[in-house]
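Next come two complexes, and both contain subunit A; in the first it sits with subunit B, in the second with subunit C.
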Partner chain A sequence: MTRAFDIAVVGGGIVGLAVARGLAGRGLGVAILDEGDVARRASRGNFALVWVQSKGLGMARYGAWTTGSAALWPGFAAALRAETGQDVSLAQPGGYSLCLSEEELDRRRAAMMRMHNQPGWEPIPWEVQDHDRIARAMPGLGRDVVGGVFCPLDGHVNSLRLFRALHASALARGATYLPDHPVRDIAPLPGGGFRITTAQGEIEAGRIVLAAGLGNAALAPMVGLTAPVRPQRGQVLVTERTAPFLPHPVATLRQTDEGSVMIGDSKEENPVDEAVGPGVLAAMARRAARMFPVLGGLNIVRSWGALRVMSRDGFPVYDESETAPGAFLVTCHSGVTLAAAHSEVLAPMIAGGGLEDSVAAFSARRFDVPSAA
Partner chain B sequence: MFRRLHEGATPLPFTFEGEAVEGREGDSVAAALLALGHDATRETGVSGAPRGPYCMMGVCFDCLVMIDGVGNRQACLVPLRAGMEVRRQRGRRKAGA
Partner chain C sequence: MKRLSDVASLREGYDLAIIGAGPAGMAAAATAGGRGLSVLLLDENPGLGGQVHRGVEASPLAAVPALANVPGAGRALAQAAARAEVEFLPGATVWHLDAARRIGVSAGGAARMVVARRVIIATGALERPMPIPGWTLPGVMSVGAAQTLLKAQGLVPEGRVVMAGSGPLLWLYAAQLVAAGHPPALLLDTTPRANWRAALPHLWDFLRSPYAAKGAGLLARVRRGVRVVSGVASLAIRAAPGGLEVAWPGGTARADRVLLHQGVVPQTNLAQAAGCELAWDKAQACFVPRTDGWGETNLPGIAIAGDTAGIAGAEAAEASGHVAALAALHALGALDGAARDAAAAPHQAARARWRRGRAFLDALYLPAPGFRVAPDEAIACRCEEVTGAALREAVRLGATGPNQAKAFLRCGMGPCQGRMCMLTVVETIVAARGVAPGTIKPLRIRPPVKPVTLAEIAAMDSTEAERAAVEGR
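Then we have the complex of A and B:
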């Protein structure tokens, strides 16, 4: 017998679960179709920043969307705790990007100014700080750090606990989690709705949300959408747990609530897999130890690679199919930062009348521009 | 709880929590502590729960101790030497110490 749901969310990572939780909170019968443990699962490899300062150069709306999500995060974290008992350890003490040369700092400052001079930009607080100023807030700062950008809106969470809390919250709200259900085919039905063929049989749903990360590229055309996403590899180093000594997260390194320091700033195009390599890891470790020399004496206990889900311009894609009404696409590479917006703003739109003008800028139609000859 | 298979090896004096004790030539620090009857040799960095050597092959990180002032050493991977000052790892190591 074919199981039927009001709405199916394809993808059980942080993005899919955040949307599914929001939909279930609106009283819809939600199925979460998850590929299973063989999935690429960016949600298990991410860096866990709730990050604002670098978001939006090239699309002003993305800056405001990110800032809005960061502002929703305290209430979102409190709601997750109330619903699931999980403390996702949200801290938003403000964060830094640190520069190891004057040239790097000049480039960073110029990028910030270009971002803030864009039409339609909604201002956020930020400032360039010199070495001494940063060293007062971050004792142990290396002499090689010439300065950096501080933004008081930046923060971080424990993203594995976030993953677990989203899962528990979606289930508590009545969603049905179906693991080992990779989707093979999606067929829009003549009278509306969709028949979804999975590795474990067929499922029918009135509406469908594609939130399958890199998997969206293959799924979107089945419902008349396009998801131009590519993998970009990031590698992460993790140190042994130590007593707290980094009071603020840095774009490329942060101390977790449990004491480990995560180091990760690689952006590698055209990866063949998630493998880690000593060349990139060594470069990351050297930069980190120049920023905070005390890191040089710590043991590295783990490293991993994961694949970011990057669109052509790096911004999220939210779309609603014109040819198959009721089919939606949700994809981005900042699933942690945007989890609050996905759950509390985007999901209610999908549950209601459809995507609103406030997210129109994120349609993949922005890529439909003929390239110059 | 543990009994040595070979009692003949040369004794090595060291200290555990400031107390003069003895291991044997060829012991790892973890083996020496277990042979002395210490099955809880650290307090975890998250909950403070007592833990001790478990896997004895460098994987579980439950045998962490402070050796000669350096924290978070894996006792199962460090050969015991005469005169070592070994202490429990209490909570998280302090970076730089």
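Then we have the complex of A and C:
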């Protein structure tokens, strides 16, 4: 027998769950179609920053969207806690990008200036700080750090607890989670709605949201959309737990609420898999130990590689199908930072009349414009 | 054998690297040495022997007449390995292995990456966890750990000792305690009586195997000196004033020490991290790497020998170590096919002889599901203190296997990297979901398989492209 839902969300990662939770909260019958225990899940490998300072060079609207989501985060975290009992350990004490040479610092400063000089930019607070100033805020700072950029809006969460809390919240709001249901085909039905063929039979839904990360590339054309996303590998090292010593998250390393230190700053194009490479890990480890020498003596207990979901310009894609009304696409690589906006702003749009002008800039139609010579 | 003292004395590359110096690794080294190839043997321990032949080169038990034979069993093999023309780095932690056969090895606080044309993984076995209520209380330890103290330090547990569980090692260690003059006060045998029906068809093969004589003597020696309660169907341990209390249907007993054991399972973390495929073995209720008759895995150039490829015991491990080494010699051009086959034949026959008796032991000593699944109040993952109840809650949230459960609960993320808890987690999820065990994939394991310091990782080389992936922003 075919099961029918008001709306089906394809993808059970942080992006899909945040949207599904928001939809379920609007009284819709939501199905979350997910892969199984072993899948390429960026949501299990991410770095857990709620990050503002570097977002938006090339698209001013993305900066404002990110800043808006960061501002929604405290209320979002409180709601998750009330609904699920899970504390996602949100902390937004401000964060740093640290530079290990004057040249790096100059590049960083120039990028920040270019970003802020864009037309339509909504200003955010930030400043370049020198070594001594940062060392006062971050004892243990290595002498090789010449300076960095501080933004008081930056923060981080416990992203695994966020992942679990989103599952629990979506279920508590009445969503149906269907693991081991990879989607094989989507057919728009003549009278509206969609027939979705999964590995475990067919499901019908009035509307559909594609939030399948890299899987969106293959799914989007089935409903008249395009999702130009590619995998970019990032690797992460995690230390054993240690006493709290890092009061602020750094773009490439942070101490979790549980005491371990995560280190991750590789960007590898054309990855063949999610494997870790010792050479990349070594380069990451060297930079981390220069930033905070105390890290050198800590044990590394885990490492992993995960695939970022990168669009052609690195910004999110939110779209609504013209040829198959009721089909939506949601994809981005900053699913943690944007979780609050996806759940509290984007999902209500999808549940209501459709995507609004405020997110029109994120349509994949931006890629159709021939680039200026 | 050339014994190395640090990673600085390692070459950059070897023709063959053997990881683990237990019976399989020692046999592989003995066979592979002296053929003009560069061979490296690595082990965590200070000497040869592995777990089963721990202390084979120097043992505190040598001076104890009743136990002098304990380290003796592996002596001939250890001497053969010691005579072989190979390099041996003891005290070495192997924390990385990948499909390109790069081996990350640490010793004395320094790390190196070496490359091998062929690798034989011989990381042996570890004890199957026994997640009963109270199994993590102070004063409770595994029989394997207790036996390590006996072999390495000559220590026996003091006070009133209660042993509980099943399997050959339980009886072997009990017999060793009897011989040492410190018999346990009580042995609770959890072997399910119903297992006899499954075991009987294999009885004839068992009786013809060398295991039979060995086993019968053991059981008799223990039963003469120790109170044994058979058919124990459930167990719980509680803290009691001044010690512990063990409870089972029909009785309770006071104890100062409780020693648990219910068999051993392959130690597959390194193989998994490299990318070797595993499959569920129903007879042994554990994941076993897929290997062929030569020990070859799905990864070219990486073979597995000994109990890591499926529990078969020390003697079979030794035979499979010879076989895997002969296959490596052939692949490296040091031996033609006919010579390989001729040399392998006696070892293959020996392996078959020992394996014949194994099916009976597997069937008889398969622990009951109640001892393999964590009850609500018992801890499944010790590193992150995840209980059976928490695992069932994760299943309710939609976790279908250990990887999603790990994301929800952190089980398998601690320093042991899932070595201890994976089977318990998988079997608890399987039971909660009511699915067949073979349908669930194991935890994905990534390096470092064993903890290594950030400074040691920082000392590894990076290519220009690898540096650019991190710094090029």
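We adopt the following convention: the second predicted complex is superposed on the first by the 370 of 373 C-alpha atoms of A that agree within 3 Å, B and C clash if a C-alpha of one lies under 4 Å from a C-alpha of the other, contacts with A are read in each partner's own complex, and residues count from 1 in each chain.
Definition applied: contacts are C-beta pairs under 8 Å (C-beta built on N, C-alpha and C of every residue); 3 or more make two chains touch, one makes a residue touch a chain.
Keep in mind that what you see is a predicted model, and the values were worked out from it rather than measured.
K.L.:
Touching A:W121 in the superposition: subunit B (first), subunit C (second), both, neither?
P.N.:
Once the two structures are laid over each other on A, A:W121 reaches no partner at all.
K.L.:
Have a look at where A:G259 lands relative to subunit B and subunit C in the superposition and call it first, second, both or neither.
P.N.:
first
K.L.:
Pick one for A:G277: touches subunit B only (first), subunit C only (second), both, or neither.
P.N.:
After superposing on A, A:G277 lies in contact with subunit C but is clear of subunit B.
K.L.:
Output check: A:L298 vs subunit B and subunit C. Expected answer is one of first, second, both, neither. What do you get?
P.N.:
In the superposed model, A:L298 contacts both subunit B and subunit C.
K.L.:
Thinking of the overlay built on chain A, is A:F245 touched by subunit B (first), by subunit C (second), by both, or by neither?
P.N.:
After superposing on A, A:F245 lies in contact with subunit B but is clear of subunit C.
K.L.:
Of the two partners subunit B and subunit C, indicate the one touching more residues belonging to subunit A.
P.N.:
After superposing on chain A, more of subunit A is contacted by C.
K.L.:
Let me check the overlay on chain A: which residues of subunit A are in contact with subunit B and also with subunit C?
P.N.:
Residues 240, 295, 297-299, 301 of subunit A touch both subunit B and subunit C.
K.L.:
Would you pull the subunit C residues touching subunit A in the complex into a rising list?
P.N.:
Answer in residue numbers: 96, 98, 102, 104, 113, 275, 397-404, 407-410, 413-415, 417, 440-441, 444, 446-448, 451-455, 457-463, 466-467, 469-473.
K.L.:
Please give the residue numbers of subunit A that touch subunit B in the complex, ascending.
P.N.:
Listed in rising order, the residues are 140, 240-243, 245, 258-259, 294-295, 297-299, 301.
K.L.:
Can you check the complex and tell me which residues of subunit A touch subunit C?
P.N.:
12, 34, 36-38, 41, 43-44, 160, 163-164, 167-168, 171, 177, 179-180, 237, 239-240, 263, 265-268, 275-289, 295-305
K.L.:
Would you tell me which residues of subunit B are touching subunit A in their complex?
P.N.:
So the residues of subunit B touching subunit A come out as 45-46, 61, 72, 91-96.
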